[in-house]
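The two complexes that follow have chain A in common; it is paired with chain B in the first and with chain C in the second.
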Partner chain A sequence: MTLSEAEKTFILHGVQENFRIDGRNRDDYRPMELETSIITHAFGSARLRLANTDVVVTVKVEIDVPFPDRPLEGKMEFFIDCSANATPDFEGRGGENLATEISNTLTAAYSSNSVFDYTKLCILKGRKCWKIYVDILILECGGNLYDAISIAVKAALWNTSIPLVKSVTIDGNNVDMNVSENLSDCIKLDISAAPLMVTLCKIGDHCVVDPTSAEEQCSQGAIVVAISKGKFSTVFQTGGGSLHPLTLMEKLKLGAKVGNRLEEALSEALSKIKENGEMGFLN
Partner chain B sequence: MPVDHKRINGPENTIPYKLYTKLNVKSFKEALQDAVKNGVRNDKRKLDEHRRIFMKTDIVSQAKGSAYIEIGNTKVVVSVFDPREIPNKNEYSLNGELYCEFKFAPFSCPKRRLHQQDAEEKQNSIVMKQALEPAVCRHEFPNFQVDVYALVLENDGSALSAAITCAGLALAQAGIPMFDIITSVTIGIQGDLKLLDPMLHEETLCYTSINKNSKTGKNSHGIVILSLLNTHQQVTEFYQVGSLDIDDIEECTKVLTEANKVVVPLVEKCLAKHVIKGVKESSQ
Partner chain C sequence: MPSNIQIRLATDRVNYTIALNQRIPKIYTPGEVITKQNEFMRGHGTYEENGDLKASVAGVKEEINKLISIRPLKCRYNGETGDVVIGRITEVQQKRWKVDTNSRLDSILLLSSVNLPGGELRRRSAEDEHMMRKYLQEGDLISAEVQNVFSDGSLSLHTRSLKYGKLSQGVLVKVSPTLIKRSKTRFHNLPVGANIILGNNGYIWISPIMNVEESSVGGFVQNLEEVISKPERETISRLRNCIQALAQCKMMLYDTSVLYAYEESLKYDVKELLIPEAIVDLGILTQERISMLTSG
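Showing the complex of A and B:
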């Protein structure tokens, strides 16, 4: 989608008047829809639809060997598939840059041990640990990918259940594990501190939250902040613009405020989701 | 760079021997106490003091512009090549582009780096691109891209900052039109300590929370990299990892803005030297 100068001016004026093209305020989100446990083969999954942005996140858990320098910690990795269904720009290797940018930002946001406790994923020191694969599929791209993905990732991790390891036996060099067969014997991950990302898009003199793709085109740069329990876990400037240090601080404060609000809304939504709710069109 | 599938990278499961030495047994807390004693760091620096910086332009004769920087033991070479048409692009883009590639040399870190770019290097490339783009007059070369290659020869902390400052210098030497001199400084935070221009072991200390379980100590930790156009007072890239609250970030921004001001005259001096040399050569 390309915009003409007149359209861009229209959006810019709307942002100045605090009345955006879809009637929102500058710090309002578009309506969201969240579903969890939608994929049976995954250990946890979530689908988030934020107006026109649609992402599916699935979590797979497998057994791996811990990093030699961190023998007590498990691993987590993020993979993003920018499918060409989302926008024609992603065709071929078009989405690759965006995918590495998002997955690296997610890795950075989840890297701290005060955000996610990796020691919980350790099975046997230096020998066995759980590795969490978070696969993100972008189905439709209507702006504000970062926020949508981070919410979906948090919901999918909330939904994830890790099989219970009953016992570990060591025989010489072989490590044998006994994993509980009972499906209800599962460990839930503690995701209370998992970060949520907020994109602040600078349009004119103001910053908007949750930009549509049209607004993203008018922006002179954006800041992505990852907020975990009111603290910043990652800040990342993107989109080719620059900011005055004072403006930057203002944006960061706004980001923290919005992030906390988003976290409250998400935990409220998650608490409403019933255990073992049936999913799909057939029910 | 296209991935070379034929290259044999050697066994992937090798690990540095240091993991087995006694030094490694130290807990994070002890390591932190060793790193900072009474507000003085291992190399006798104060907390808010830079390491010694050396810069030189015109290092690579094949490149349009190049620069070399040493910050303490961190050594980075950056080369910038002539603008060329953006490859594989259908649409005409009004603004030129920068292509940045950040690479650790295989021997630059305690652990051997592989030839292919790993996730960290890719992320650093993206951060570098974002930091440099606002400094360059991209409208001056529409539909063209300028290639910037940064190679870290030795990593002793703050390598990304060094690469950005050095790339700014190399771009200027290459004659790429720019708005301002770009500089970048890193700060590491662990609890109440704020370590400007951290060394590698200090950086590692800042990545994990040490006081996590104790209720008393402050458990902020993280790394902040700030790139600044000094005359315009514009932050081109603010990159933070870790867990910090807003007050920490505010303080860090202040410290880093001041710290960047210290680096600017060094870059200016280096560029002036380059110009004087050019004038002398042409008059002969």
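Showing the complex of A and C:
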């Protein structure tokens, strides 16, 4: 979709006046809808709908061998599927670049142990660990993918339960594990520090958060910041255009502020989800 | 507001059905048997299999005497000659533009069916052909009328009147074409201070009221310098959110319903109209006013 010059001008002037085309201020989000444990055979799953953006995230865990240089840590991998249903631009190999970009950003955001405790995933030092596969499916694309994906990933990790390993026996080169048969015996992941991403989209001289796809068209570039407990876990620039150092600092401050608000909103929503309660909208 | 970020749970989803003690019609799914008797005639959206009449689209049944058809809930625009549509230029070709009008195939706008600047009756020269991108380029929005429908269903448009042509500053809202009520006039000058064009193809254009001299130029001028004032912008955004709310509640869109929704929405902030509860409330209030109008 391309916009005409006049439409772009209209959006641009709106951003300048701090009154966007849907009436929001520059730092307002559209209402979101969150759903967890929607896929029963996954270890954890979540779906987030932000206006027209719709993402589903599932978490799968497997047993793997830790990296030799990090024998005490588990692993995590992100995979993103940009289906052509989301937007016709993703047809063929169209979404591939975007998918690698997002997964690289997510990997960078989740790379530190202070953001996500990988030592919890270790089963036997240097021999066995859990590997978490986070699969992200984009169902519909209505702007602001990064934020939506990061919220959905965090919610899915919150929802994840890893089977409890009761005992590990070593027999020569073989490692035998005894996994608890009781389904309710499981470990929940600690996601309190998991990062949330905030896209700051530069339109004219100002930045907006939660851009719609029309607004993304008008922007010269965007900065994605991942905020974990008020700290930055990664900063990433997309699109063309350059930034003045002063504007960058300003943007980062705004990003941190918005990130904290987003974090509060998400933890409030997650606390309302009932354990083993009704799930989905069909109830 | 302490926190302007709202994350709600799917279990608390708001139901957008606002049919007040009206019977909600049965929705047929594709492949569902409508009737086993074969004295009925096969209409749009149906097919016959093993002597049964089945639905080929998801929608509601419409019966006219012996003709049964299924009206789809969501569909592309099926053009008819004389319809006013809003379209977006997708391609510039030899002597024609390709226009996206929400139909199955892109519509065409021939160079010979537009009003070129400088006189109505003028031969289209080779120079005009080279200048085509100057008049309309990819991404530009136009209002046009359907001139005729080809056998494959694609449309040929024309803008040979001063009221059609390139659109300037404003907002485009996309809704399902089934929600647009058919009426003679598609251009509305709302008393709240905005122009709206209800395109038959489900594209709705909301724009500020233009000066007289500007609109008389007709066609290919866009005023990019003009800054729309905040109150005007608020009206436009409010109308946009109202139309989207009505569409969400599956209510028919025409000048009265939009105007009523606008009036009922005044108790909310413009951005509050994005919240599901406000959308439902607006839908119910608007419907009440419309039903009062028809009964009284």
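Everything below uses one rule, namely that the second predicted complex is superposed on the first by the 279 of 283 C-alpha atoms of A that agree within 3 Å, B and C clash if a C-alpha of one lies under 4 Å from a C-alpha of the other, contacts with A are read in each partner's own complex, and residues count from 1 in each chain.
One rule holds in what follows: contacts are C-beta pairs under 8 Å (C-beta built on N, C-alpha and C of every residue); 3 or more make two chains touch, one makes a residue touch a chain.
Bear in mind that the values here come from a model prediction, so they are computed numbers and not experimental data.
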Partners on chain A (chain B, chain C) - clash or fit | fit
Take the Cα centre of chain A as the vertex and report the angle out to the centres of chain B and chain C, nearest 10 degrees.
-> 110
Go through the superposed model and pick first if A:124 touches only chain B, second if only chain C, both, or neither.
-> neither
Report for A:177: first if it touches chain B alone, second if chain C alone, otherwise both or neither.
-> neither
In the overlay, answer first, second, both or neither for which of chain B and chain C A:231 touches.
-> first
Would you sort A:111 into first (chain B), second (chain C), both or neither based on which partner it touches?
-> first
Look at A:21 in the shared chain and tell me whether it touches chain B only, chain C only, both, or neither; answer first, second, both or neither.
-> second
Touching partner for A:268 - first (chain B), second (chain C), both, neither | second
Using only C-alpha atoms, work out how near chain B sits to chain C after the chain A superposition, in angstrom.
-> 9
What does chain A use to touch chain B in their complex?
-> 68-69, 97, 100-101, 103-105, 107-108, 111-115, 221, 223, 228, 230-245, 248-249, 252-253, 256
Over in the complex, which chain A residues touch chain C? Could you list them?
-> 1-7, 9-10, 13-14, 17, 19-25, 27-35, 47, 51, 151, 261-262, 264-266, 268-269, 272-273, 278-281, 283
Residue positions on chain B within touch of chain A in the complex are 15, 19, 119, 122-123, 126-127, 130, 133-134, 207-209, 212, 219-222, 224, 228-229, 232-246, 249-250, 253-254, 257
Chain C to chain A touching residues, read off their complex | 3-11, 13, 88, 138-141, 166-172, 222-224, 227-228, 230, 233-234, 236-238, 240-241, 269-271, 273-276
